[in-house]
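Below you will find the structure I want to go over with you.
Chains: A, B, C and D, in written order; residue numbering restarts at 1 for each.
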Amino acid sequence: MKKSGFKFLVVLAVSIWLTPFASFAEVISADSAFQSFPPMPIIVTVSDMPNDPGGALIVEWSIPDADSLTLASMNVYQISRSSNPDSEFESITSLVAGSTRYEDSGLEDGKNYYYRIIAFDNDNRLAEGTGGPGVPSGQWFNTGRIPILIMVVLFATTAIGFIVSAKKGYKFYVRPIAGIRAVDDAIGRATEMGRPILYVPGLGTASEVATIAAFTILGRVARKVAEYNTRVIVPNYDPVVMAVCQEVVKGAYTAAGKPDMYDANDVYFVTQDQFPYTAAVNGVMLRQKPATNFYMGMFYAESLVLAETGFISGSIQIAGTDQLVQIPFFVSVCDFVLMGEELYAASAYLSQEPQQLGTLKAQDWGKVLVVVLIIVGMIFSTFGWESFAAWFDVG
Amino acid sequence: MRREIPLVIVFLFGLFMIVQFFIPHRSFAFLYQEFNNWTIIIGIFTMVIGVGSLITVHYSKIRFKKPGWGYSIVTIVSLCGMSLIGLIGGTENELFLNLYRYGLSPVTSTMFSLLAYFIASAAYRAFRARTVVATLLLISAVVVMLGRVPIGQIITAWLPEWLQLQNIADFLLQTPNVAAKRAIYIGVGLGVAAVSLKIILGIERTWLGGDGGK
Amino acid sequence: MENPGIGIVLWYTLAAYLTLSIFSFLYKDNPFYRLAEHLIVGISAGYWIAILYHTSLKDLWLQPLAANFMALFAPGGSPLLEIGLIMTSIVPGLLGIMMFSRFFSTISWLSRWPIAFYLAITAGVALPLYLQSFTIRQMQACMIGLAGSPWEIFGDVIIIAGTICGLAYFYFSLEHKGVIGGLAKFGIWILMIGFGSTFGYTVMSRISLLIGRFDFLIEWYEIVINYAKS
Amino acid sequence: MAGNVEMGFWDKLMAIDRRWIYLTIGIVVFIPILLDMTLPVYVTAEVKAVYDRIDALPQGTVVMIPCEYDPATMAELRPMAHALFRHCFAKDLKIVSCALQIEGVTLVKDDLALIAAEYGKTYGVDYVYFGYKPFPAIVILNMGENFRKPFPRDYYGTELDSLPMMKGVVNYSSCALLVNINATSGADYWINYANGRYKAPLALGVTAVSATDYYTFLASGQIFGLMGGLKGAAEYEKLINHNAAATKAMNVQSIAHSVIVVFILIGNIAYFASRKRKKAI
């Protein structure tokens, strides 16, 4: 054994000298000529990667003859690939001890691929095997997402059902939410004080649904503002959000019959940078002294900076966000907070249109379903039937 | 036409994006990627409008000599200066990088660090045991605040282990905190689905202006 | 510390000046803060213009557009595919340009097309994704078997009960009375304990940010002193 | 009369000018930075796990410490990186590092060079720094195949193969373990790809805020250790017996947290005292 170790070192030195850029895997295969016993067979299976766009295969292997001690000594698995089992295999990677699976990607759909796995301990080729062919292909339906599909269809049909029945004149009861009722009062207060209203649509881009919810609340606020002859200031972080906010405010003024009151300079862009934006909004609060500040949409660390500055300038503050980490700060400093889902419900509430309230009903039924499933899943899991819970483990 | 076409666009593309979620095939993945890129490209074009708006606001302040118009000059000059340096000299040139390192970056981190002060004054003002709810907020905040630093361990080291502050803090973070998070997230998922559905179906159309498109 | 050049000293001094200007806001609004605020809004907007131009606009639009044009005039390839590819560059450009219609009041309604497209993508992506990663995943995480030590079971029960009661708090179609009122009350307790712990937890990283700024000021002081000495 | 004066005091205290609070916070954070003092630090199991695992490695073993922090987050994570580098160099281990967050590239380079100089270590022999490449997920995946795939050259433009230390160092399997220090959500990529796909033993160092999110991975065994924010770094400093920035900052934290708690207590005492008075009247 010592001798073979010495030989290994000589070969290693020579091969390093011959191929200065030789990779680790190649060094080992040069040594494999010095093994003293035939390698054990590795059973290699190659299958198409399920639910993928294509171009990927899964290679799995096992070594049935190896005992746990031998398995433990195999510390490198060298994986090579070929499109023809009889021709040269190209080495693609080497994996650490204990690996039994490799996902190969970047392949061509519809072609055959064969894989060879060789297991080494430090200097011996202990086992090897070839498997295949595998043919990569892309799928037209992701079976892993069936639970989501069911959920989407259920939700959409329930919602549409409620919307239709609302159109037919069915009235829904929705309980009052403090933060939403405060919106109207806050606008009234601004009118009395003769001071403007500040509406911060958050740091989200228009590709966040929280921002879309902020648009609809802004629509309501702007409409009231127009009716009361006050002014609403909307500094923006994202230019697309600004464009939509301008559209919303302009529309609201037009709808209130006061299109001349709309001033494009009140709905403006600041900068797409978190804290410079915050600094500018702080400036607005301190100098224009708005009577009411609205923070609706996505907020990050700046939430508390804004809310404290607003407090210092003596404004009433109403916040709404689904950002979990920021809710506590808004709760501590603002007068009213729309937490999480309430932000999304607010637009339906404020419009009081029966169709909008219909989707609220669907949300509530969704919650009932979730609670039932949680209880059932918990009971099943407690009695050992874990596959029910696992079915919802969707990727 | 002015309202119908946008509503058709919203319906068709919204539906497509829902459908593609369930179809992993390469062709759909390609379109998904493309459409996402399109939104970014639209965003970049809109940036021109955004910057135009920023300049207009400050220009009108300067023109009508509104209070503080001098500061507006600073904004316009620094905006033009920084963008020209970056556009002409590239983003790797030393002056551009230094303005970032020694101009933008310290302001960002200092604004961020103001939170240390604000968090203290907010805690002083808001954490009063007025109601049960406020008391719970207050107690859990204090326990976690002390439990996360050595002092919390020092002052409760004499107690049995499960009563020591750091362990209570861990319990709060890993149990009620997780429950609160889950309740909010489950609701948010449903709320987002509802708003998205309303947008796609054209029920929610505040964004079209004119009070919901009427 | 090695001897700093005058350039570094000046840059550091600018950074320190801006740092102190922002801190001065804690006392009250003042010209220093106001100047820093206006300066930084300009610098930051300018910074993002340059970054967006060099990264996104070039990489996502200009270069593919140019490449697709070249491919169209190069021999070989399927013309249909090439026209399709070039459309993938032209259409978003057109949508982007439509945004400019806002400058002209008679055709400003055209800008609703790109906005509609943008919101459609947002809504379409979010609907299944949020149901998956927020609703279903969190629900699945609650489907835990009650096993282990009494203490562990207690924790799991609190999590499950807390989640259910939290949801009861967000239930809109019933008044908070009777059973649902009780559940909602426990729900809001759990929410508040959660919020309190998040608040307490966040304090730590906020304090360390302040330490970072003080460290910077000390560093600046040392650099200036070293320069003055040399 | 006395009662009136007292009531006035409590009411005043409740409505104390916020600037006094700011001033106090400023002082209690600034003064301890200047002073040299030590409070005891308790070492948690998840940090000890990282230490033990590294401490048990034989001389010359290669470990990988990819760092992702930037000027905004360095206050929290830099001390952690320093402590880890110190431990590895003191044990004569070899370090491979990279930075997958662009704002942190030069920062990490400087930090690595600084600690290496402390221990008289040579670049290319004792440590190698790859630098930055965009799209962390893809880079992490590709490094699982071969470090040379995303990084044919190191940060300084030298070919990896011409660095003596990189001989035979192919991918994660050539490293005894990985410790990712990460201020972003990019730590998920390391868990999913480096550990999930390539089975590399992984530990994480994250900011205090995100540490709670990663305890689940610790429980599931996907990561073998976890260090959260300055507290994690202070524990590590204690383990390697080299008190530095984190220990100092932890003292500041301890004092600042206590002061905030005292504020809350005073606020509540004032609140109850003034309420009692009002009831009596």
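Note that a contact is a pair of C-beta atoms (placed from the backbone, for glycine too) under 8 Å apart; a residue touches a chain by one contact, two chains touch by 3 or more.
This is a predicted model, so every value here is computed, not measured.
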- Message: Tell me the fewest steps from chain A to chain D, where a step is a jump to a chain it touches.
- Response: 1
- Task: Return the chains common to the contact lists of chain A and chain B.
- Result: C, D
- When all chain pairs are ranked by how many C-beta pairs they have in contact, which pair ranks first? B-C
- Task: Please identify which chain has its centre, taken as the mean of its CA atoms, farthest from the centre of chain A.
- Result: D
- Whole-angstrom distance, CA centroid of chain C to CA centroid of chain D, is 22
- Centroid spacing, where centroids are CA-atom means, of chain A and chain C in whole angstrom: 13
- Per the C-alpha means, the centres of chain B and chain C lie apart by a whole-Å value of 4
- Task: Let me have the rounded angstrom distance from the C-alpha centre of chain B over to the C-alpha centre of chain D, please.
- Result: 24
- Item | Junction residues of chain C - those touching two or more other chains | 22, 25-26, 34, 36-37, 40-41, 43-45, 47-48, 99, 102, 112, 115, 118-119, 121-123, 125-128, 130-132, 135-136, 139, 142, 160, 163-164, 167, 170, 191, 195-196, 198-199, 201-204, 207, 209-210, 212
- Note on the structure: Expected list for chain D, residues touching two or more other chains, is 18, 22, 25, 29, 72, 208-209, 212, 231, 253, 256-257, 260
- Message: Touching at least two other chains at once: which residues of chain B meet that condition?
- Response: 18, 21-22, 39, 42, 46-49, 51, 54, 68, 101, 104-105, 107-109, 111-112, 114-117, 119, 121, 123, 125, 127, 137-138, 141-142, 145, 148-149, 173-174, 177, 181, 184-188, 190, 192-193, 195-197, 199, 207-209
- Note on the structure: Within their complex, chain B touches chain C through residues 2, 5-7, 9-18, 21-22, 34-42, 44-49, 51-52, 54, 68, 71-72, 74-87, 90-91, 96, 98-107, 109-117, 119, 123, 132-134, 136-145, 147-149, 169, 171-190, 192-193, 195-197, 199-200, 207-209
- Item | Touching residues (chain side chain A, partner chain B) in the complex | 51-55, 109, 138-142, 145, 148-149, 152, 155-156, 159-160, 163, 205, 207, 209-210, 212-213, 215-216, 218-219, 223, 236, 238-240, 242-244, 247-248, 250-252, 254-256, 264-265, 268-276, 278-279, 287, 301-302, 304-305, 307-308, 311, 322, 324, 327-329, 331-333, 339-341, 343-345, 347-348, 351, 355-356, 359-360, 362-363, 366-367, 370
- Task: Mind listing the chain C positions that touch chain D in their complex?
- Result: 26-27, 201-205, 207-212, 214-215, 218
- List of chain A residues in touch with chain C within their complex: 145, 147-149, 151-152, 155, 172-175, 177, 206-209, 212, 240, 243-244, 246-247, 270-273, 276-277, 279-280, 282-283, 286-287, 324-325, 327-329, 331-332, 339-342, 345, 360-361, 363-364, 366-367, 370-371, 373-375, 377-378, 380-384, 386, 388-389, 392-394
- Query: Along chain D, where are the residues that touch chain A in the complex?
  - Reply: 18, 144-146, 161, 167-174, 197-200, 209
